[in-house]
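Heads up, there are several structures right after this.
Okay, so chain A shows up in both of these, paired with chain B first and chain C after.
Let's turn to the complex of A and B:
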């Protein structure tokens, strides 16, 4: 039995085990902390910062997905600072990526009263769809850079390393070696990246074709 | 051996960590890295193809598309743009021969650059030609190394700067290192702790505590890293120390290594400072031959055009051959640093303070400065001062005295705003001229000294243009890892474009504040956490600038 202790979240005393993150502890006790990049199958990298919370004694907001719970911590998951950060992140996301097939993020936008057109004249990340293999289509205009596909393709599961990044900063995108078509990479078409993609940026080809109003299979 | 194999031969034994030097070697030879060459490097170093591509793509100075071999980097950042850099870039882009008529040869491309660390030579330009980099001075003369104006009220760490001699014999031996060897490592640490020395890289962390933590950490080998990535706009003090007194920095590293028990050291030199590399290599050779570095191997690594790689954990990633993504802290470098081993990383100027402390003792060190900010500091004065340059002065000097030292305002102007701490810093105003420059006084005034930048703007300047430069800088340099900064630096820059062109929309000020506070509060690393400092300080000081017309 590993060491347990108590801490307070939103004024409620909760118990935690050593090694648990604040996110794990909160969720176990039914306290909601929103996340976007977090996925149980991939390593948490603290990218989306939606899970930030206020911890007494810390100057900056803390990402609950990676911060370990500690005895006597005083955590607030819903302070005005937290709310402002989450709402602004969502508004920026809506001005950046096509979220039309990301229902979870849309629900969060409603919950935080985030205005999808908060940033007029903002340049979205517009990238034409890439349809270069029989299995899935890549629509990086929908990509929110959660890194799940890159990680699942590499150390987090598949060890295939077919995809990585190009560019930097706002213009970062998921890419293959020198932009080669998927069929010319080490991709083994296991489909795991498609499975973890939260926004349909990676979409099975059959679904994509149906959306385009095309029948996905050739007539016999 | 393939062509590539022979070119990157020295790095093959480094594995993944050899990736950047290998890419740099191939590019120095060919001017860019082709798909076939990248694939060969990937094969030889056992790095996945997509990751090699990802690394090339991250760094401004690495290229995966054909281009001319030589590049003229024209600084268009704040200090240089005050001296006509933007017009110069336009002229040169139209006709590159304007710049290089003294040096005919292959064609070259002209590119705008973030601050080149040559603010005292504004408007600054550097010519890249493979491994060879040369500075083009403002009077059109070529320089193999920058000549620097060194002034100030004390000459403690700049004592040998400006005399043009960098040999070991001119340095006169490693006296402090000799003394250190008569002490135990713990005694060295205690002396540094007693001196009150804190980091000069921007975060002002107590150096002795850092060393102690690394000394106590489990793990082997341990590393000492000299952070010579100096890329904060307006900062050029490390350039001076490295160019004019490299042995001082090496001696500081040697003592740090002894104190923490490190067997290997790295100097991570900013890519755009490539002209300093021969000076460092020469000093390293001399020190090695004199046996001064026995038991401590030092390697020079070149950055490749990424401000974020000055952030300590991003710098480690870069040495490890990866994209410069900062890591989540904790764990801290002193326990899990380079290659996940205990590491001390210090700024060049921090290390340059160490020999004095060990040779003369903490009490002598504390004769300058204040109780909480002991010692002296290098201030980088740029912008509208009569004599831009590096000035050494004790902590506690006032802004006014510093400006007087630099010959006062250029062309008889009067100060409107003073950017303290660089792009990541905040604006001071004439009201702050009597403030004492110590960490404690500045913190009280919600200002920061950062790396020592004092960039002065006179009353003629349009601060909205300055803010735009800052906004563009961060949008260009964000690594893109975490959402607040990846998108926030971009949204901030877009609004600042509107501000600078007089097209502010209703609500833009609130947008800047929401984006700014979100970046400051929720970003993963110091870049995002400071990317809105200057803007937020300007909103506070000059709210009228942010009202839509």
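Let's turn to the complex of A and C:
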């Protein structure tokens, strides 16, 4: 058994093992911390910052998915500061990405009373769907850049490295090298990326066609 | 985004890994497949076939009505096919042909099947009857099929494609250890420090096991040794790649054993405690020097030494192999060399070690367990060993001495014995021998000798064309049952959809066929009244000790790895911790054997065959799905050096010929193959690799030599091509 210690979350004393993140400890004790980019099957990177918590003695809010639990920490997962940060994160996401097929994020928006029109000057990203293979469709208007697809394609499972980030800042998107069609990349169409996508930006072709009443065309 | 009506958990119908699937269904359409991230076998990972390869279910060519030939409906004798006008389906062509397919009802079709099978049985006896089971069907389906042929027709002419994939491995493991399945669980490779992958393109054929292997290398620092004539993807992860010439396994692995013995790297304590025949075996190794192996295989002697040292000095060494070992005319010897390595080093009987033949199909392990084999009743009980037949006579309500104790014919032999004095009636459930048998030109001649052929399948495939009656069955998503995966895990298959059209689950069709045959023969009933497949498995569990503790309730979530000796037993992740089923592991001295055909001036290449990630075996499923869009055509792999010498450019049409046939297809010039070796995938009817392969058999395992024959290749201009024959109907 590795080293265990105690810390406090929301005033409750909890036990943790060395190496566990704050998120893991909290969830193990039934304390909810919302997450978007985090997925148990992929490496955590603290990208979306939805899981931020307040740790006494630390100046900045801490992403619970990557910060290791330490003895005697005093953590608040529900302070007004945490609440405001999460609400703002959701409002910023909603200002540029199409979250219509992300029910979990929609539920969070309700829970945090996030206002999707808070940033009226923000420009939503309109990227036409990319339908370049028989297996899945990429609709990057819905992409929130959580990085799950990139990681599962790389060393979190598949070791295929077909996709990565391209562009900078607002223009950042997930893409193949040189923007090649998926069939021209190393992609093996395992669809692991589809399996971890939280917003349906990656969608099976069959579902995409069924939404349009065209499935199982041409097989009906 | 679509909200599903239901999400049904089941097991993937493709390879032997046995991944958990969740089928998302809306209006009886599967539109999305996911996998639970807590699944024990695949941890949420899937490959292209599992995640996207299911829309064959909706293909317009799927047959969902029973079909019989016009001559049967009209009560005519079977007319010669060659002289009849072109048959059509449905039978409404302008010129009626006795061979037209006529849509009919189940009652008519089942009665015709029973009438004609019983007629032929009465005329010619048990030896005229034979059946192929299906490694794609459930345990329950397969158990019933062999029960019909054994209990009613008293024949052991029962086999399935295990003969064509791992018969060599099964025979070798039976002789040396007394069992045949994978000794360990695939995911244990994460804790192996050295492992050998040979004759297996794991990335394409067992993709999820390949993920475990890559993780073992990249995250756990394991060392991988690939022994394979092709530069498969796993070579990118390997410490050592031994690119041997196809058919020279015995030399390479015996040379590794030679090194292990000469350098004293063997495990003396293990050999003394657990094995027999060591001294004599060591004498037989004298000739297998690494230099000898280099000479015949092309693998540098120094690499053989390094591989031997790596494996022998590992803490936990494991061996994984595929058909490159078994599909040879010396497949048994070839697999034995791997058994020897494990016995020499003691890398067996512990976690993360072992001898692991990766089984190809989703349920090839289960079909073998269910006795769809000519030498064994369910549970690997030899038909010719005393006491076994008696157990099944009791279970099936058969008079003492009623069951046949004679060894039956194997897959390839069933067809080669077709004829008026041999096999006259054949019942094929979900197999496509007209794609998967070697030397298809000869196989076609054989199948034409049959008097009556019943095919039970989803599509009229290359074999269905020859059928007299076609019974429309259901795919995995439309039936309940169990599959047994490559690491012996018995898992639940669940119906997500109602059967399409009039199609019916195989087990129901078989029960109805059986009852009709039984009534006509006037035999006391062997028991065919099952309300649910769980009752069929319960019947198996009562007689087969390894399955005794398996019930549908117990495998509701994760499945159980047999042996499961009783209802409390937790299952067996790895075998042989105390002893081998035959007692001591046996060393069997070997001579050098190689492929039956070796290259010469006329046929200077070695042709080897195999599979692709995107397709599945005979192609009945995947070529009717959107996977065919992803990978629509055949090709032959040729090394750049060979291509240059023969004036072949990438993408060019070429003709590949052997002593048995020829195919025209595109050339893919690639270093994935080695100099002197051609590779053709087996899935494409329009350039069927098995028109070329050699039908020579391993004398013990009766497995054909798909992996090595002599071939020639030359450029072809498109105007030289004849039109492609299709002939689906």
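Some notes on this structure:
Here is the rule we use: the second predicted complex is superposed on the first by the 217 of 220 C-alpha atoms of A that agree within 3 Å, B and C clash if a C-alpha of one lies under 4 Å from a C-alpha of the other, contacts with A are read in each partner's own complex, and residues count from 1 in each chain.
As a convention for this text, a residue touches a chain if its C-beta (ideal position, glycine included) is under 8 Å from a C-beta of that chain, and two chains touch if they have at least 3 such contacts.
Computed from a prediction, not measured in an experiment: that's the story for all the values here.
In the three-chain model built by superposing on chain A, chain B fits alongside chain C with no clash. Looking at the shared chain after the overlay, A:92 reaches chain B, while chain C stays out of its contact range. Between the Cα centres of chain B and chain C, as seen from that of chain A, there is an angle of 120°, stated in steps of 10.
After overlaying the two complexes on the shared chain, residue contacts for A:3 are found with neither chain B nor chain C. For chain A, the partner touching the most residues, choosing from chain B and chain C, is B.
Contact with chain C, but none with chain B, is seen for A:157 once the two complexes are overlaid on the shared chain.
In the superposed model, A:207 makes contact with chain C only, not with chain B.
In the superposed pair of complexes, A:32 makes contact with neither chain B nor chain C. Look at A:40: by the touch rule set out above, it reaches chain C but stays clear of chain B. No C-alpha atom of chain B lies closer than 11 Å to any C-alpha atom of chain C in the overlay. Comparing the two interfaces of chain A, the one with chain B and the one with chain C have no residue in common. Contacts from chain A toward chain B in the complex involve residues 36, 45-50, 52, 60-61, 63, 66, 81, 84-85, 87-89, 91-93, 95-96, 118-123, 145, 154, 161-172, 175-178, 185-186. Remark: chain A residues 40-41, 100-101, 103, 133-136, 155, 157-159, 183, 188-192, 194-195, 200, 203-207, 210-211, 215-216, 219-220 touch chain C in the complex.
Those residues of chain C that touch chain A in the complex are listed here as 1-2, 24, 26, 29-35, 37, 43-48, 51-52, 55, 58-60, 207, 211, 214, 218, 237, 613-614, 626-627, 629-630. Chain B meets chain A in the complex at residues 35, 38-39, 48-54, 57-58, 64, 306, 323, 328, 475-484, 486-491, 494, 498, 505, 511, 514-515, 517-518, 520-524, 529.
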